[in-house]
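Structures follow.
Look for chain A in each of the two complexes below; its partner is chain B in the first and chain C in the second.
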Partner chain A sequence: MRIRNWMGIALGIVFVALAGLSAHAQKAGGTLVMLVQPEPPSLASYQSTSGPIGLMAPKVYDGLLDYDKDLKAVPSLAESWTVSDDGKTVTFNLRKGVKWHDGKPFTSADVQFTIMNVLKKIHPRGPNSFKEVMEIETPDESTAIFKLANPAPYMMRSFGSYESPIVPKHLLDGQDLKSASIANKPVGTGPFKFVEWKKGQYIRLDKNEDYWKEGLPYLDRIVGRFIPDASTRTAAMEKGEVHYGAYGAIPNVDVVRLRELDSIGVTTDGYAMINPVSLIEFNTTKPPFDSPAIRQAISLTLDRQFLIDNIWFGYGKPATSALSSSYAATGLYAEGMPNYPGKPDLEAAKKVLDDAGIKPDANGVRAKATLDLIPYGEDWRRAGEYMKQALGDIGIQLDLRYEDVPTWLKRVYANYDFSMNVNYFYQLPDPVLGVHRHYGTDQIRQGTHFVNSSRYSNPKLDALLESGAKEPDAGKRGAMYKEIQEILANDMPVVNLHEMKFLTVFNSKLKGHDASGFGAYGSFDQTWFDE
Partner chain B sequence: MSQTAKRLRYVLKRLLQALPIILAIIIVNFFLLHMAEGDAVDVLAGEAGSATPEYMAELRKKFGLDQPLPVQLLVYLKNVITLDLGYSFRHDMPVLDLVLDRFVPTLLLMVSTIILAVGVGIILGLLAATGLNSWRDTLISVFALVTYATPLFWVGLMFIVVFALNLGWFPTSGMENIAMFYEGWDRYWDIAHHLVLPTITLSLFYLALYTRLMRASMLEQAGMDYVTTARAKGLTERRIMFVHVLRNALLPVVTMAGVQVGALIGGSVIVESVFAWPGLGMLAFESLFARDVNLLLGIFLLSAMLVVAVNLIVDIIYSWLDPRIEVE
Partner chain C sequence: MRNFWQLYKRNRSAVAGLIILVVVVVVAAIAPILFPQDPFSLAGLAMSPPGENGFLLGSDSLGRDVAAGIAHGAKTSLLIGLLATIVAVGFGTIMGGLAGYFGGKIDDLLMRTTEMFQTIPSFVFAILLVAILKPSINSIVIAIAVVSWPAVARLVRGEFLSLKNREFVQACHTLGMSDIRIMLGEILPNCLSPIIVIGSLMVATAILIESGLAFLGLGDPNIMSWGFQVGAGRTLLRSAWWVVTFPGIAILITVLAINLVGEGLNDALNPRLRERQ
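And then the complex of A and B:
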């Protein structure tokens, strides 16, 4: 028996109805200028999840599904979908009459090609997200049937246009995917068409008059502007030359001032699908961090709230487990994990160290190490300075190291030439997509970035991760992830610091930019100017 | 031999001499750049979020980064001889297109800066020298000292706050108004409007330098024997100052301006960054962090050629300012 996903269709109808009802309020027209920082290397969202690409490409490409503010899946290129009882067959009924920006029709062949030949091959996360997809059958032009080797409940969270854009087969088939011309000149089915990319200045997208959503998009044009200097970005926002900046384009220190202005709005919404968590990775293969005790002691010592209040101006939430508390919505987050105290507990930390035989020498020093800092801005340096001081109090003496991005990546992920490293990871809407890569033994992949660089390996955990990925029952899955979090809190291969809150700063005239669960990585088809 | 033919021969000779210099610049830069940890593939994969080692190896092969360094260098040199500056794999565009695209804004900023800095610097230096130890001299000298000592990025930001935010006279940044997409004359006017703040910011530092240099040079020349001779001939002070002294006093300023064209490209990185001006300096800066070696070498090559050309022009200006200096 098949369970039809009536929910999706019902939501779609409600959505269309709402869009129709409120059409009087929204005004069409206008040019949105948004900050894109830094300038992206390309617009190939099918082979890079780089942030600035995510800001522009989802306006041009559609996904099979979209996710609303409550992270519920809603129809996009797929009008409806069904998952079979055994979870191994997923059928998408595709929207009819959709055209690519070059006028060619969109069909099930595009879906098949995108998943099997592009995302599974060259997307950074695609091989993981679509691991279980064995083949995609296309009985007709508007049906795509995914055949899975094992159930993959997490896969249904990765059909958004940022994560899995559907790309045109007729422009990519038979070409070298890594140098196809649509990398810089994307052709999609989305609400905006690519027009021009003036290097060093801007990317221009114009309204797609033939967009399949009736009456949308509202905006005539979106321009992504590159301004390298943070203070200038703030000035341009204040003057109204730019209308929108997300992912810290306006630094927190300036937001504190701008948020007092009537013409500027600030929100932390729109990052739930991304789920960023800051953390410290350890080299668990050599002293001093080969002992779980010292890693636990560090977690017990750091004052997470202090970091949030003083470095990120109050935007953030202390981490209480290896999983972000936003997984509470899917029942995977577990409370009350050990070694994640509400307040720093120096006595407990010292006791843990003493018990493990890591005793202070004559100068009160128990261990020495170099702390590497993620080279993504001054905030991380400030955080490092705090950690140096705080950990000095329990006798861990740190030197700080801040290098440029390529040197740092090579050091941590290729040469393993580090002992502790401050970093942040996107946990994404499901742990299989964002968290497993950090802890699994199969994720010790030298030369691959943002995976298990701690080289922590625990067969018991590996088994749990594997069964957790395939478990379709939400209750059983929750129990498995509770056990996973307990193991990680005790072994502490990674000390999670805080659930980051990125800031989106926008001109108050700009409305509807938060329609999608992806926030700034959304399509902006319902964004409009109230003036 | 006529003067013109002599000059032509001189130019050709200088151009030939420049070839080994440019070659040396390429080779030294090539090895310097490859001494940095990490390569373009590391950066691309890091930005992408993740990539398999096989995929990265494939990319390295495609970019030619799997070859030994001397082979890469030879391939590069061979291409340069055929005027092919290579391909930027990061931007997925030929280096020449990228560099030329950014060259125009750089040239615009550089030329306007040189004209403003040299022009105003000469005038201020002249005014200071002619009114030695008067209030005028003191005022100009203090102004020169302050602008010389102020960091460029701070001046830029202050200009933005005062003239763009508070007074609203100029746009904060960029080269043109990209919400409007002007055409024709409106566009040129728009670009000129955007050019004002970056030009003044970048000029200030050099302006101070030229003012001081011009002042010192004028004072030095004023004590020369030929000035006494001119005075004995009965020439007016005005004529002595503006025809005799000024012309000789200009030489050191012109020399300095020539030398500083290279520095100007470097110094403009800060101004380009603050004002989001899409010039070469910014491109070089970003390419360095992206380890885009081909593009960087292209920029260095072009800058080197620019400096060589400007120095040649300066030498020719010399011979025109002071006919005693002959080109040969």
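And then the complex of A and C:
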């Protein structure tokens, strides 16, 4: 039996038709000004996953698939797709008549080139996402057949235009990928064409009149503006000079004030594909954090809700496991993990420490350590200051250290010269893509950022991660990940703190910006102004 | 001494500055008695306005007592100001004294070095140093001293240049006194007044630089200071004004007081201004 997707497409068409008939008829035209913070280093989304690139590039590039608000895959450049029974062959039927912005036709050769020669080579996460892809056959111009070494169900979640943009072979083939001019002047198949980039000011994209989706996009133009100062961004949003700001472009403290205004809307939707979780990494090879007991005690002591309420102004959700609760949708999240209490439990924490023989000295100090803080802004410093106080109550005396980004990255991920470190990781739509890198022995990659810096190594867990990645059956996979989460909650190589909720602030006249599961990293083809 | 006080108290505003400064010093000294808890401790409800929930000057976003922060921060500010000034004045005096006394090649070498430091904008240089050395109380003191000593060196060099040809110094040479004894025993005491004045003003500048660094997030994260309070509270300015306002006022008053005292010292110690009324 082959899994057919024609049904989904048919339903989609009906939906679009119904939406067209509804009372809120979308209006075409208008210029959207959105905040892009900070200015991106390039627009090469095939090479870097940096946040500001993700805001602009997916408007220019399409992916093979898109993902709706429920994270269900929907057709994009691929009209339909089938996965063979053994999970080792994935066939994409590509849309016909699609043209690149420079007028050349889009074909299966572009898909083959993009995956094999670009994403598997120079994308930060591509080598992992497409690890099992051995080759891509292109029997004709509109068919791409992926041949896999092993089943890779997680791969089907990485075909969005933010994660895996399809790039034009004719502009990149034979060039040095890292210095191609397309990096700053992207040419895609998406709803908007790149027009100009005024350094330090804005990036301008204009409507693609030949877009393959009939009647879309609605907007005439998208301008991405760079405004370095946070309070100026807030003022511009308040005055209606900009219409859209995501990923904390407007600080939470200002959002609390702006959300009272009728002209401003606020949402936490659109971040499910990113799935960010804040956490503490420990150096598990050195005292004091070589003992699981002290790591458990820290998890038992911290008041996650306090952090959310006082630092992120109520936006966020306490972590309850190594996996974010948003994995509940795919049946991978397990509830009721030990050492993740609803309320801080100091007595339990002290008991764990006493039982492990980590006793207080005459001054009540059980252990001393330096806490490194992610240098991405004031919020993290406040979090560190809170932790210093809270952990002082159970006798763990902390010193705070705050360095610049390169020094910090080098200290934690290259020199391993740290004992505990506050950070946040994107868990992404599948644990293989976002979570495995944190715990697997093969992910102890000295010098690579945002991988297993705790140097936690557990052969039993490695085996589970390995089989979890390949298991196509959802039920069996859920059971494996439950076991994984139990191991991680007991060994606690990383204390997960909270599921972060980024905020998108928008002008109330702006509609349809949340059509994609990617939110701000979506294509914005269905975005329009109601005025 | 009585004569000095007579001269000093003619300047009313200098007396006022001295009183304020004494109050700040006393607050800093008795901070552990006034607020026995760690100023970073989460003392109660977050963002309480002044006078509510037992917070005299309100609490910040984590529920830390602003008043306790100001009292404990006074110690940090004064300590850093004094230490940095002592280091800068000490080093600047040695450099300037040697350059002025010996002249020639030594003067050239030392003064070109000094100029090299003076061409770099001082605050930017301080930021750079603290960022490289990683923020701690030692690195902040070093950074402030490094950007402050050239002014002292130039001043001392000028004084030494004008004094070294005076008759009493030449008399010392004739008597066969050693260079070190002449420098330390004869010339230095005669240029102490301007050094004291520039030193007192430098304390104020040092406090401002420390606050500026802490405001930019380059303060010692383990020590409470006024700049830290202002920096941490500035995002709350429109929702909790008291978090930044009171530490800001503390900085303003203290720096003003030190400047007034410096001005008063100048009036009292400068012989040319003694008759000024």
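The working rule: the second predicted complex is superposed on the first by the 517 of 531 C-alpha atoms of A that agree within 3 Å, B and C clash if a C-alpha of one lies under 4 Å from a C-alpha of the other, contacts with A are read in each partner's own complex, and residues count from 1 in each chain.
The criterion applied here is as follows: a residue touches a chain if its C-beta (ideal position, glycine included) is under 8 Å from a C-beta of that chain, and two chains touch if they have at least 3 such contacts.
All of these numbers come straight from a predicted model, not from anything done at the bench.
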Touched partner set for A:D404, first chain B, second chain C, both or neither: both
Touching partner for A:S508 - first (chain B), second (chain C), both, neither: neither
Touched partner set for A:E238, first chain B, second chain C, both or neither: first
Of chain C and chain B, partner touching more chain A residues: B
Footprint overlap on chain A, comparing chain B with chain C: 403-404, 407
Chain A-touching residues of chain B, taken from the complex the two chains share: 36-39, 42-53, 55-56, 58-59, 62, 90-93, 98, 101-102, 105, 153, 157, 160-161, 164-165, 168, 171-176, 178-179, 181, 272-276, 278-279, 282-283, 286, 289-291
Chain C-facing residues of chain A, complex: 230, 251, 253-254, 256-257, 309-311, 373, 378, 381-382, 384-386, 388-389, 399-404, 407
Touching residues on chain C, where the partner in the complex is chain A: 38, 40-42, 46, 61-63, 131, 134-135, 217, 221-222, 231-232, 235-236, 238-239
Parts of chain A lying in touch with chain B, wherever the complex brings them together: 31, 33, 38-39, 41-42, 47-50, 122, 124-125, 127, 178-179, 183-184, 198-202, 204, 223, 225-229, 231-232, 235-236, 238-239, 241, 403-407, 409-411, 414, 426, 437, 445-451
